[in-house]
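After this come two complexes, each holding chain A, first together with chain B and then together with chain C.
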Partner chain A sequence: MTTLSTHTTPSGYLLPSIHSAPPFFTQQPNPITQAVVCEQWTKLILSYARFKKLFVLRVEDAETLGGDWDEILRNERINRKLSAPHLSSIISTMVTKNLAAYEPPKQTRSVLLYWRQPEEWAEVLHKWVSTTGQLNTILTFLDITEPPIESPLTNLPTSLLKKAIAILAKTNRAQLFGIADGEGVRFFASK
Partner chain B sequence: MHRLGGVGLAAFDRHEQSKRSFAELSSELSHSQIENLQAELTQFRSALAHFATTHRDSIKSDPSFRHAFQQMCSSIGVDPLAGPRKGGWWAEMLGLGDWHYELGVQIVDVCVSTRERNGGLIEMTELIRLVSMLRGVQGGIITDDDFTRSIKTLQPLGAGYEVVHIGGRKMVRSVVKELDEDQNTVLAVAQDAGGRVVEEMLVNRKGWTHDRARTALENMLLRDGLCWLDDQDEQHGRAYWVPSVMKWDV
Partner chain C sequence: MALRRSTRSVDGSIPVPALLYNDEELLASQDGVGIYDGSQKSTYHQNGGIHVTTHRLFYIDAQNELRYSFALDLSSITQTDYYAGLFTSSSKVTLHLSASESDTANGDNNGNNDGSSLSPFDTWECQVCAYRNAPGLSPAASRICGLCGVPRASIPQSSNSSNARASERPPPSTHHLSTSLPPTPPRPRSPPYASSPQFGSQGAASDDTSNSIACPACTFLNHPSLRTCEICSTELPKIRPTARSRLDMRSAPTSRPTSPVDDDESNITSWFIKISFRKGGDKAFYAVLKRSLKAKAWAISSGGAKPNSMTDSSATMTRESLARSGISGIMRTVEDNAQQRQTGISDALQDLEALMVKAKDMVRLAAELNEKLTNASKPRPSDALSVMSGFDSGASNASTYTLVGSTTTGTTIAMEPEEATFIRSSLSQLGLQMVNVPLTQDMVRDERKWIEELAVELANVLQGTTSTVGGLMKERPVIALDEVWGGWNRARGVALIPPSTFLQVLPYLPSHTAPSINTRTFPSGLTVLHTPAYRSHVFSERVCRSLRESGAGKSTMEVAFEEGMTVGLIGEMLGEVEREGGIVRDDGNMAIVGGGSGVGTGTALVSEELRWWVNVFVECVWDGYVHPMDEDI
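Let's look at the complex of A and B:
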């Protein structure tokens, strides 16, 4: 009997056993089965993204060898790979479920992954600002996404950062304004 | 000679009197018999209660003991699984009815949670493995026999829970769906091949026509959700995988 077992990738990520099932890489003609396949892929993509701190997934990632996503979009041990149309359909389902957003908008080839929802990022951001004693100071986006000491926000895409700031602004915990060379933001303590 | 019954009026009195005495005697006798029986029953009950309390834990934890106990019960015509309603004094004393219901609930749990990926058909060994994982170490060892019994208790639910034999293996079906003969054959072939079936296997091994093989496989794929498609198969391009006979290390 074929045993589908878990596998640890060179980067240390533990692949679920379903990843060693050959039909997992095929878009299923039965809609109920495909829903299962898609759900499993969604879980896998988000968990891998969180593990490797990846924020962007492109349909092309299914076709390019040597990319960030090779470890999960391909399985060399059973010689299977996810096809671009299949990945595109998974991505579209993820967007419908608000687990990803097309970025830039008005195209469907690339998404921003929400392994943390923008609301969660807003809290992470506010917590980081207050614990590092930067409340009430003016920060640039670069100060936040490329801090001297690595933080959970390091490399956060600007679009996601803007969404998080917008969420904080609604509760008066952040204020966005133009500065000499771009945009600046100031955070305030929670009331 | 003076006959006991006698003749004349006095005989009636005597007759009545003896009748009364007999009646007294008989009621006395039956009274003592009932008392005896009650005493025996009490003794039997207390013996059973004693048995139940001393062996309850081993019945629940030791599969061979449980099997022997169940055989003993069936030989004396007692159903230890008779629920609390059906005179389940036994069940109450042993908690065995509950034990089986509990197992039944866990079986349903596993069947339902794996249904989407296996189409409502799961191999017995796999079911046992998953239920055992659910119960944890303290659950003790559970056998094939226990599962078969528990699945029987699930039958009144009408959800189709049944043990079916496919290709010499026991499988548990959890959907109201009759498997036709062709599907049984496909499942048996898949079992031998570790889950993978292609048209050619059915043509070569079972002498089917390509049409028959394709129809059976496509029905299982599209209509029943019993198998998954693999369109990257190295040899045939299109292979069908039956998840219920694949072993999932989840």
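Let's look at the complex of A and C:
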């Protein structure tokens, strides 16, 4: 107990040793200390989100039991949990650092996590389209997010997908247009 | 002879203002006078002070104030002369005294003047309005009721028989010889009484007339032992053969034999005394005396000249109540009384201020005395000097050394002669022990030096001197400022230090203390004095080490217990360490289930408890899950 140690969750995620320090769960009054705490939490949240492919984090996740985030927002071994206000402040810091975006906009209770930046997602998307030989064909959003074979883009939130497509469209690698039952997109090979 | 006959002995050890009647006022005083009785020097009255008041003249002897002091009623002075002095002869004031008995009777014999001297100190009830007159007025003023203005003895029955008012003493009848009323007994030799119809009383001695009872029906004077009137059998008013009335009976004859003798002499000699002013001041004094004589304050009750004294509120009151009686008069009296009380209180407060000034002088005197004693007995500086100087940090200069030296010499306990020891012990009994004598601003001219001296004194209070064991900070390494201030002023006793000065002294404290005591202010505004062990970085290092060793964090209470300090103070200090980033907090409210940190301490903790951890974030590196590169691509 005198030394902090890492811990592997049932889902196989390796928690960092700081997660077993009780002060980690307290919002520190000292701004410098709190910055470190916040940075560590951001790292942990994004890492875990990437591990579990989670895209959305809500303030309520700190209060509800049995959610996707229990493994990191709570630490039963030291009887500590992250409080909602603390999580809220961490989230706002993440938004400021452009590591997350409020989704839907104009509220602060839930965010879309950017464990990959939209630009990165654009590259991933383009790579996936070209490797699967779907260039120049029209795809619906559903074709991308729920492909018959699981891809890195499976379950990607539509808003994030739109951002990625918009980035590709700027470099003329994608074109967005309306079709009968929604929106369709066509990708082009990069020049 | 004139001196003995006209004056009355007073206790000169009492300050003159305390000897005065309530309506009397001290006008002027002069030291260094001698008294001539007639044309010859009076042996026992050659060095003293003379005081003139609105009513009397006091001589207070300088050598034997108890025995040879006397008072002289101004009313007995008929004429004054002034002699300016020539070469070796001092200037003199001659007072011609009236020989008429009516004036001097009240003071004709020192042994027997109780009739007049006691009366001012009795309260008496007016028979007309039942107002209880306060004691302490001059004989003249006390003869008249303060409320309704009716003379005290103007009721015929009361002057006929003192026994009618059994509990009262007879009015000072000696004052009333001039009134038209039949005088009461004190003159047994006077023919009218000798021939009064006393034969009826069974063989009564002539002296007993003073106690005979006048019949309320037929006015016959009955023997005091009778219950009913001898003539008409009317029931007589009860008399009480009190000790006092017996005293009257006894005192009457003893006083009488002397006065006729005096009377005889008074016819053939002229009476005067002279006051010789050996130390000057004669002119001013004579002017005041003349004015006082002219004012005739003592004659006020007889409706004569009014006194010119404006502050004489009692006399004013008497005068006004004479003019207006009835309810308005009573209300006026009440108002006047309230006003008088107020002036009394303000006077008393002024006295208190004067006393404070005196106390300062006394302290200074004691300080000088003690310093002389110390210098005389052993002039070497004590060991304390070398010790203190040794510890003195680099800032100390030559002046600091001498400063420390001068104050610590007062603390040397050396072999002293018996007299010195006695003086010292007397001083300490008076609470003026030199070690504790506070420094006051007037002892030190230069302000900066004063502050430094104060710092030395405060250092002694905090750390203790060589002679007195212990100081405020002997047991406690950190102490709040308010407590220091209170303790210091308690140690000083007098001439207290205001907080502003106290704050001025603090910056000088480190250079006068060893080990140095520093000031520290917390963000909350709390300011403390602390020893080097509680400098912020020393303390934070210590706390961090202790927390690191514990591994589980500690509550404020536990740290306070370890440091032996109050929780509040430790809370402040930990807060400061936290602000520096040395420690972090673990809030018990962050627990999943209420019941404190379950790290394994095993103790049941309060859920809200705050625990302190060493800053675990500083060397924090990511040792969690690492994503494989290009996992998704």
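Side notes on the structure shown:
As a convention for this text, the second predicted complex is superposed on the first by the 190 of 191 C-alpha atoms of A that agree within 3 Å, B and C clash if a C-alpha of one lies under 4 Å from a C-alpha of the other, contacts with A are read in each partner's own complex, and residues count from 1 in each chain.
What we mean here is this: a residue touches a chain if its C-beta (ideal position, glycine included) is under 8 Å from a C-beta of that chain, and two chains touch if they have at least 3 such contacts.
In this text, all values refer to a predicted model and were calculated from it rather than measured experimentally.
With the C-alpha superposition on chain A as described, chain C and chain B clash in the combined arrangement.
Looking at the shared chain after the overlay, A:L4 reaches both chain B and chain C. In the superposition on chain A, contact of A:K43 is made with chain C only, not with chain B. In the superposition on chain A, A:K127 contacts chain C only, with no contact to chain B. Within the superposed three-chain model, A:N79 lies in touch with chain B and with chain C [touch as defined at top]. More residues of chain A lie in contact with C than with the other chain of the pair chain B and chain C. Once chain A of one complex is fitted onto chain A of the other, the partner contacts of A:I144 are absent, as it touches neither chain B nor chain C. Of the two partner chains placed around the shared chain by superposition, neither chain B nor chain C is touched by A:L113.
By the touch criterion defined above, A:Q28 reaches both chain B and chain C. When the shared chain is aligned, chain C comes close enough to touch A:F51, but chain B does not.
In the three-chain superposition, chain B clashes with chain C only at 531-539, the remaining stretches of 153-161, 261-269, 333-341 or 531-539 being clear. On chain A, the patch touched by chain B and the patch touched by chain C overlap at residues 1-4, 6, 16-18, 21-26, 28-30, 32-33, 36-37, 79-81.
Considering their complex, residues 551-553, 578-579, 581, 584-587, 589-593, 595-600, 611, 613, 615-618, 620, 622-625, 627, 632-633 of chain C touch chain A. Every residue of chain A that touches chain C in the complex is listed here, in rising order: 1-4, 6, 13-19, 21-30, 32-33, 36-37, 40, 43-44, 47-48, 50-51, 74, 76-83, 123-124, 127, 152. Across the complex, chain A is touched by residues 116-117, 191, 194-196, 221-222, 225, 228-234, 239, 241, 243, 245-250 of chain B. The part of chain A that touches chain B in the complex is made up of residues 1-6, 16-18, 21-26, 28-30, 32-33, 35-37, 79-81.
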